[in-house]
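These are the structures, in C-alpha cells.
Below, chain A partners chain B and then partners chain C, in two separate complexes.
Right after this comes the complex of A and B.
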C-alpha cells in the first residue's frame, strides 16, 4: 500500500464532493468519469509492490462494467447521461471541444503504441504456487510416510519431557546453523548471505503465510524432498531448496522443524485441519 | 538513583574503573539472553567463535574474547566504543554471514548486546577500556580533481601490494594474508564497494584508512597519511566502483551481419550492453561451497545469422592455469577450507548452462546441471586448457561429453578473467536461439585456488538471454494503424449519434 497516494486520491475526491455540493452541479456521468480515474490512479500508483498491468486492465474492465450497470440502473439518469453525450456531439457550441477530443484520442493511442514498442521486452515471468498440495505419502529412506497423518514424533515431549524436548530444539538449532542459514538467514527472514543469488528467493519463516499456516508433515515433505520433489506449478527447476534426505536423518529433519517453530514463536497447524 | 550517581561519577572522575561504559546488570542480563537467542549460533556460547557454523564460514565469525573489532571510531589496536559495537550489530557486515539487525532488534536491545559482548574480553574493564574517540569529519564532496593525488597516495603506501594495481583485491601479497586467528583472508575488491565490510560511505572509507580494521591485515594510516591525502585516497577508491552492483536478469545480445572474430577479445563486444549477475555458493548437492571465490560475473553477448558469442568476465585473485577441472569431479560431502596458498590440483573453469532443447512453456532443466527429464547443454571451458567443449548434463552425477567443441578465447589480466565462448544458435540437441526471443541461461564459475571443482563451485540462478532483433521495426506503421482505427471508431460513434439525434428530432 502506498498510503500517501491513496490519501491524496481520497482527499481529492472529498474536495470535489465539497465543490460539487456547494457551487456547481456535476452530473452522474462526470462523477463516474472521476471515479473511474480515481480507481485507476489508486490501482496504478497506490499499491506497492505495483500490480502487473494485465491485472490493472482486468480490474478496470470490471470497474467500467460496474459503472455502466450503475448508470443504466436508473432510466432517468441514463437518459440524462445519453442527453449529455448527444449534446456534446451535436451542438455547435461544443464543436471545438469535440474536434479536439476527436484529434487527441488517436494521438494518445499512437503514443501508447509507441511506448509499448520502445519498452524493452520482458522475459517470460513464471507465476509460482508457493504452497503446492503435498503428495499423499512420501518414501523416506525406504519407509513410506503418510503426510496426512504423520506427526512430529518429538512434539509430544514438549509436555511429557521438557528436558528431552529442549535437546531436540538444540539439535535443530545445530542443524539449522550448519545447513539452512546461508539462505534462510540468521533471523529466518529468508535473507541469508546467499539469498540474493537464488530465484525464487528463500522462504521467510517469520511471514505468517509460511510455516505458521502449515502442518509439520508438510514441512517434512518440503525439507526432505526439496526442489526436485515439487510439482511443476512450483517451478522445481529453479528452486534451490536441496532434497535434505541426502544430508540429514529423519530425526534431524523433525528436530529442525521443531527449532523453526521455537525460534519464530509460531505453532504448527494441527494435523487433520484442512490445508 | 544508582545510574544517576554513576553518570555524575563518569563526568567528574578521570578514566578509571568508574568511568567505563560497561552497562547496568539489567542491560547485561538482557544482552545475555539476546546473545543466546541470536548470536551464539555463530559466535559461540563463550563468545570465542567456537560454534557449529564457524567451520563453514569465511570470513569466520568474530572471536569477541580478543576485543578486536573491525568497525571502530578509535585508534588502531584500540577497543571499540559501545556505539561502535552497536553499529556493527545494526548494519551487519555486507557479503558475510553477519546480517544487519536493524529492524529486528531495537536500539536498546542492540545496546544491551553491545554491553554483553564487552564482557567476553577482560580488556574493557582494564586501563584501556575507554579509548579516545576519533571524530570522523563530514566528507567533502567527491572531487575528480583529487584522483591524480589519490592515485599517488595509493602507490606511495603500497595499497596495490594487497588490493592490486587496479584495486581488484589481487595484489602480490593477497595470497598470503591471514587474519589474527590464522584464517586466510582476502583483501577488499575496491571495484565492488557494496562488499566493503565496515560500510561504504565516504566517511566510512576515510575511517577505515584512519583506524584500520583490527584483527585483519588492514593497518591504520592515521600517522602516515595526512588528512587531506586521506580524503584524496577516498576519492580515488570511490572512483573505482559503482554504488550498487545493479544485478541484472537479462543479457541482451546485439546482432551483427559480419563474422564473429572472437580473437579480438573484449573489443568485439564494445557495442553489447553489459549485465552483471550474482554468483553464490552451490549448497544444494554434496560438495557444498560455503565460501565461493567469485561473487559476481559480467556478461555481454553478440550474435550473427548462425552463431552466438558470449563474453564473461569476473574477478579472481589469481589465475589457476595448472591442474585440471571438470563439472563431474566428485567432491567429499564436507570439504573443509584449506589455506589459500595451498597449490591445489584444480584449475579455474567456467560453464555456460542452457536447456538442451527449446523449453516448452516455462519448464526447463534443473538449474544446476539438468535433470533426468530435461537435459542441460553445458558449454564448459577448463581454463588450464586451450579448449571449450559441449557437455550434456542430466543431473550432476550424469555429465557426459558430446564430442562437440566450441571456439573460445580466454585471457587473465590484473585480477580479471575474460572468457569468450562461441557456438551455433542452433544446438545439435535442439535448442534454437531465435531473434526477439528469450533463452534461459545460467553460469557456473570455479576458483581453483579455493579448491573448487565438480559441484563445489559458484553458481547462478536461471537468467535470460535476449536476442535484440537486428532490424528493428519502425513504430510509425503500427502507430498510424492504431490511430486510424481509433479515429474510425470515433467517427462511427459521432455519426451514429448524429443520425439518431436527427431521427428523434423529425
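Right after this comes the complex of A and C.
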C-alpha cells in the first residue's frame, strides 16, 4: 500500500467536508464527482504494486454504478442534480465555464490518445487461467493412475509410523533442493535464482491460494507431466515446468509433495467428501 | 407488510369473454396433451429395441445448415429451461398468496394470485412446445447420445409423461377454475399442481445431472443401478438450487409484468395495484435470492467432490472467467434489489428518517460487490504482471478465493436484509416499553454476526482446505440466525405500533419499474450463463468420462461466443415473454365492438357514391 497517497486523499476529503460544512454548500452531484476522483486516485496510485488497468476499470465501473444509484435513490436529490446540470448548460452566467469544459474535453481526449501512442507497444493482455484441469487418469511408468482416487501412499505414515514419515519428508527435501529450488526458491515463494527468466514467474507455494487448495494427486500430475502434459484447453499455459517423470521415481514425486506441505505448513485438500 | 393498505379498491374480476370456460379449457389442454403425446411417442419409439439397436448406417450426429447442431440445441434447451422455471415458480407463490387471501379474507390477495396465474396458460404451452422441439432436436441431431440416455433412463419416461398429463390437468383446472370451486378445493388443485410440477423437474434433473456426474453404471457405461444413476452427486443440489432459483426467476418475471402494467396504467387504482404486484414479485425474488448462493455453493462442493477436474475446470480453469461475470451480475442484482427498496420507501410516510442510512448500506454493498468480482488471476499486460511478480497481485490475491467471496456474499445478504427491515418499519413507531432494549438487541445481533462472519472469512486463510470449506456453514447459519432472530424481535417490537401514515401504493418513480425490468433480465441472463457453465464444464464429453463428444463441435467455445449465444437466447426469451404479457392482458380487455365513428365515416365516404348511383339504384330497385 502507498500509505502517503492514501493519507493525502483522505485528508483532502476531510478538508472538503469541513469546507462544505462551514462555508460552502456542495450538492450531491459535486460530492459524487469528488468521491469518484478520490477512489480512482486511491486505486491507481494508492496501492503498491500498482493494480492492472483491467482491475481499475472493473472497480471503477462498479463505483460509478453505485454512485449513480446513490444519486437517483432520492428523487429530490436527483431533481436537484438534473437542475444543476441544466442550469450549467442553459444559464448565461455559466457560459464561460461551459465553453471551458467544451474546450477541455477534446483536449483531454487528445492527451489520452497522445499518451497511449507515445507508450512503447505492448502485447495485448490475456485472461490467463491459472489452474489447468487435470485429466481423469495418467500413465506413469507404464501404470495407469486414476487422479480422482489416487492418494499419496505415504501420507498415512504420518499417523501410523511417524519415523518412516519423517524419512519421506527428508527424501522430499533432498529431491526439492536437488531439482526444484532453482526456480521455486529456497522459501518456496517462486523466487528461485532462475525464476525471473520466466514469464510468469513460478507460483508462490506459501500463498494460501495455491497448493493449500489442491489435492495431492493434482500436484503429482503437475510434477510428473509438467508443461508438456497440460491440457489443450485454455492454452497457452506459459509454463516451463519439465516433465519430472523422466527424472524422478514415483516415490520421489510423492515424497517431494509431502515436503511441500510440511515446509509450508498447509494440509492438502482431501478427496471426495460430500454426496 | 405486503398488504396494500393504500389500495383504494379491489379489482373486480373481469369476466372473460369468448368461448365458454369448459370449451377453452379443453381446447388448450388438448393442444398441450397432443404435444405430450408426440413427445411420449417419440420417447417410446426410442425405447423400442428395434429402434435402439445399433445399425451401422445410423450416424452419431447430424448437422444443421447455417447454425451448428450444438448452438441450436443450446438455444432451444435454454429457452425451454427458462419457461419451465417460470411455469414451475408461479404456481408456488400464487398458491401462497391465494392461501394468505383465503386465511385473511382479503380479496386483493386472491386477485393478485389470479393476476400471476394468468401468465401461466400461454407460458405452459410455450414450455411444452419448446420441450417437444428439444426432444426432436436431440433425436435428430444427436441420435447416438439420445439412444444412450434412453437406455439408461427408459423407465423414467412413462412417469414423466404421466406427470406431464397431470400437470396439464391441474394447471388448467387451477387457472380456469378460479372462483368456480370452493376455496379449499382450489387450493388443493394448486398444491397438486406444485407437487406434480416439482416431481417433473426432479425427473428431468436426473437426466441432465447424470451427464455431468454419471453414477450407477459400470466401466463400459452399462446401467447397474437406476437409483444411483438418478441420485448422482449433483442431482439433489441441482433440485434444490433450481427450486429456489425458479422462485427468484418467477418472482422477477412476475414483478416485471407488474412494472409493465404499472407503466401502462391509466388510473390511480391501476397504478396502485400494479405497484403492489411489482413489489410482491420483487419481494419473492429477493427472498429466494438470499439463500441461492448457499445452494450454489453446495452444488460446487459436490461437483468438486465428484471429480477435481470438473471442479477445477469450473472454478479455477476454463470457466473461471464466467464466474467473474456471474459475480458482476449477482452484484448488480443485489444493487438493483436494494435500489428498488430504497425507492419504494418514497411511498411510505416516515421513511425519510431512514434515508441517512442508505449511503452506509450502499458503501457495504459496493465493497462486497468489489470483493466478489475480484478475479484470482488478473488480466494484466506483461509489464503489469512483472510489476506484480506474477499473475497474482499480493494484495488483491486474497480477495480472489472463496474465503473472501463467501464473506462478501454473507454481508451482501445481511445488508439487503437491513434495507428490507428499514422499509418494513418505515411508517411505524414502536410503542412497547422495551423498544429501546429491543433495538439494542437487534443491533447487537447484527454486530456479533458481522464480526463472526468476517472472523471466519479471515480464519479461512490459516486452515486447510477441508476446514475452510466447512467454515462456510457457520457463516451461513449465523446469517440465517441473525435474519430470523431480528425478524422475530421486530414482529413483537412493532406489535401495536403507532403508524405515521399509510403506504401510498402507486407513488413510486418510473425508474423503480425499470429496476424491476433490469432484475428480470439479469436473472434470465444469469440463468443462461450458469446453464452454459454447468453443461460446458464437461468439455469434450456428452456424459462425463463415459460418452465422448466426437462431433465437429467438440471444442469449448470462446467466452465471447458463449456470451453472444446466451445474450441472443435471453433476447428471444424476452420477445416470447412480451407475447405472453400481451396475450395474458387480452383477457382483461373489453370486447371488440364496431366503432360508431368508423361506421359514420364509412357512410360519409359512401354517400357520394350512393348519390351518383342513386338513379341506377332507383332504376334497379324499380
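Methods note: the second predicted complex is superposed on the first by the 252 of 275 C-alpha atoms of A that agree within 3 Å, B and C clash if a C-alpha of one lies under 4 Å from a C-alpha of the other, contacts with A are read in each partner's own complex, and residues count from 1 in each chain.
Throughout what follows, contacts are C-beta pairs under 8 Å (C-beta built on N, C-alpha and C of every residue); 3 or more make two chains touch, one makes a residue touch a chain.
What you see is a predicted model, and the numbers here were worked out from it, not measured in a lab.
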First (chain B), second (chain C), both or neither touched by A:118: first
First (chain B), second (chain C), both or neither touched by A:73: second
Partner chain(s) touched by A:162 [first = chain B, second = chain C, both, neither]: neither
Contacts of A:199 with chain B and chain C, given as first, second, both or neither: both
Partner chain(s) touched by A:153 [first = chain B, second = chain C, both, neither]: neither
Touching partner for A:228 - first (chain B), second (chain C), both, neither: first
Touching both chain B and chain C, residues of chain A: 123-124, 126, 199
Chain A residues touching chain C - in the complex, by the definition given at the top: 1, 47, 49-55, 58-59, 62-63, 65-66, 69-70, 72-75, 122-136, 147-148, 190, 199-201, 203-204, 207-209, 212-215, 217-218, 233-234, 266-275
Chain A partner contacts - residues on chain B that touch it in the complex: 38, 41-42, 51-53, 56, 95-97, 99, 101, 104, 247, 249-250, 252, 278-281, 283-286, 290, 333, 362-367, 371, 374, 436, 438, 459-462, 464, 466, 473, 475, 478-480, 482-487, 490-491, 493-494, 497-498, 500-501
In the complex with chain A, residue positions of chain C that touch it: 233, 298, 301-302, 305-310, 312-313, 316-318, 320-321, 328, 331-332, 335, 338-339, 342-343, 346, 355, 358-359, 362, 365-366, 369-370, 373-398, 400-401, 461-462, 464-466, 469, 509, 511, 539, 545, 556, 559
Chain B contact footprint on chain A (complex, rising order): 85-86, 89-90, 98, 102, 105-107, 109-110, 112-114, 117-118, 120-121, 123-124, 126, 173-174, 176-178, 181-183, 185-187, 189, 191-194, 196-199, 226-228, 232, 235-238, 240-242, 246-247
